[in-house]
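Structure first, then comments.
Chain lettering (A, B, C, D, E and F) follows the sequence in which the chains are written, and residue indices restart at 1 in each chain.
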Amino acid sequence: MPLVDIQLIKGVFNDEQKRTMIEKVTNAMVEVEGEAMRGVTWVRVQEIGSGEWAIGGQPLTAEAVKSMRDS
Amino acid sequence: MPLVDIQLIKGVFNDEQKRTMIEKVTNAMVEVEGEAMRGVTWVRVQEIGSGEWAIGGQPLTAEAVKSMRDS
Amino acid sequence: MPLVDIQLIKGVFNDEQKRTMIEKVTNAMVEVEGEAMRGVTWVRVQEIGSGEWAIGGQPLTAEAVKSMRDS
Amino acid sequence: MPLVDIQLIKGVFNDEQKRTMIEKVTNAMVEVEGEAMRGVTWVRVQEIGSGEWAIGGQPLTAEAVKSMRDS
Amino acid sequence: MPLVDIQLIKGVFNDEQKRTMIEKVTNAMVEVEGEAMRGVTWVRVQEIGSGEWAIGGQPLTAEAVKSMRDS
Amino acid sequence: MPLVDIQLIKGVFNDEQKRTMIEKVTNAMVEVEGEAMRGVTWVRVQEIGSGEWAIGGQPLTAEAVKSMRDS
């Protein structure tokens, strides 16, 4: 049953990073819920367009998030 | 008022199938809520990228879902 | 894979009506996607508090929706 | 903490209009919650494909919404 | 068509503040989209339980948000 | 920026288990995105009523999920 939605800004993480997030988040869930529930644990990635996610009214771009990440 | 969100993996269903889902799901809702509420029944389709919807940590691709559907 | 979220105002439909919606919407989906996908078709009901769903700035109450339904 | 999701049909509003929505909606929230919470107020824009958002079973296209807007 | 979901922590804002948010956010949307679309502009409030919304792994309680707001 | 929504059936996990999920999922995200982004990583828990989450049209109850978990 558990469903986990990971919401990101498009263009910040590549396909391999997104796959790794899915694996690690699935494992994190299974550690709490028990191995018997792995098969019904759904994890999804959803991406919001660069510039369409704002904090305090300031749109974040993929570039800005990458700078923060690498700081 | 009712709002129904149909969430699919991109590339599994074509435009005609998605239109048919919208019609059938709207009708299913109206059968319960009454014909008077048809005009305020909203149904939407949202698609997740192939490989970004995982079950038990295994990403589903559009191809894998099509195989399951046609099995 | 398909996931369908039915969003309602709390207090408009009773438990039996919500169960019937789940069944009918599941069947509507399976008619398009094929019987092989019934077991991976998830349908959920989510309810918003009465007065916390507004159209044109006017909050809908459960009472108002019931009047519309029974009109 | 507040998170606001603005959901639109793709192709109806341009980038400048979406930025203006983000600003105005952020300000509307801050007027109620207080200026101290501006920095934790997140606003996002999400777009649904033209034809994948239906009212009463009739899919809305971006063109139809633009006609309504300009009527 | 536009649908706006305002997501809050339960217990921070009272009913009057939530009604004011709905009004102000509806007006903000209508200023951009045009008065002709007021009647199809839906705004909803959804609340997450106190302690079930975390930043950097630290759950926010309604009390903590109120302190921030009043600081 | 990343926002993660963990969706559960009400009554299956207790408060401590939900707190542990939040911590572990936050850590899983930070392992991929980098420590610099911990402070902007939001994780939320949302619960669906028992009986309002169905698989293949069969509503899951909290009891059924607990049996599966403990099997």
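Observations, loosely collected:
We take it that a contact is a pair of C-beta atoms (placed from the backbone, for glycine too) under 8 Å apart; a residue touches a chain by one contact, two chains touch by 3 or more.
Predicted, not measured: the structure shown is a model, and the values here were computed from it.
Removal of chain C from consideration leaves all other chains as one piece through touching.
Simply put, of B-D and B-C, more C-beta pairs touch at B-C.
Taking each chain's centre as the mean of its C-alpha atoms, the one that lies farthest from the centre of chain D is F.
A rotation of 180 degrees, rounded to a multiple of 5, brings the CA atoms of chain B into register with those of chain E. Ranking all chains by how far their C-alpha centres lie from the centre of chain A, first place goes to C.
Note: centroid distance chain C to chain E, computed from Cα atoms, is 22 Å.
Counting partner chains per residue, chain C has residues 3, 27, 40, 42, 53, 55 touching two or more of them.
Put simply, chain C touches chain B in their complex at residues 1-9, 12-13, 17, 20-21, 24-25, 27-29, 31-34, 36-37, 40, 53, 55, 60, 65, 68-71. Residues 48-49, 51-57, 59 of chain D are the ones touching chain B in the complex. The touching residues of chain B, counted against chain D in their complex, run 15, 18-19, 22-23, 26-27, 38-47.
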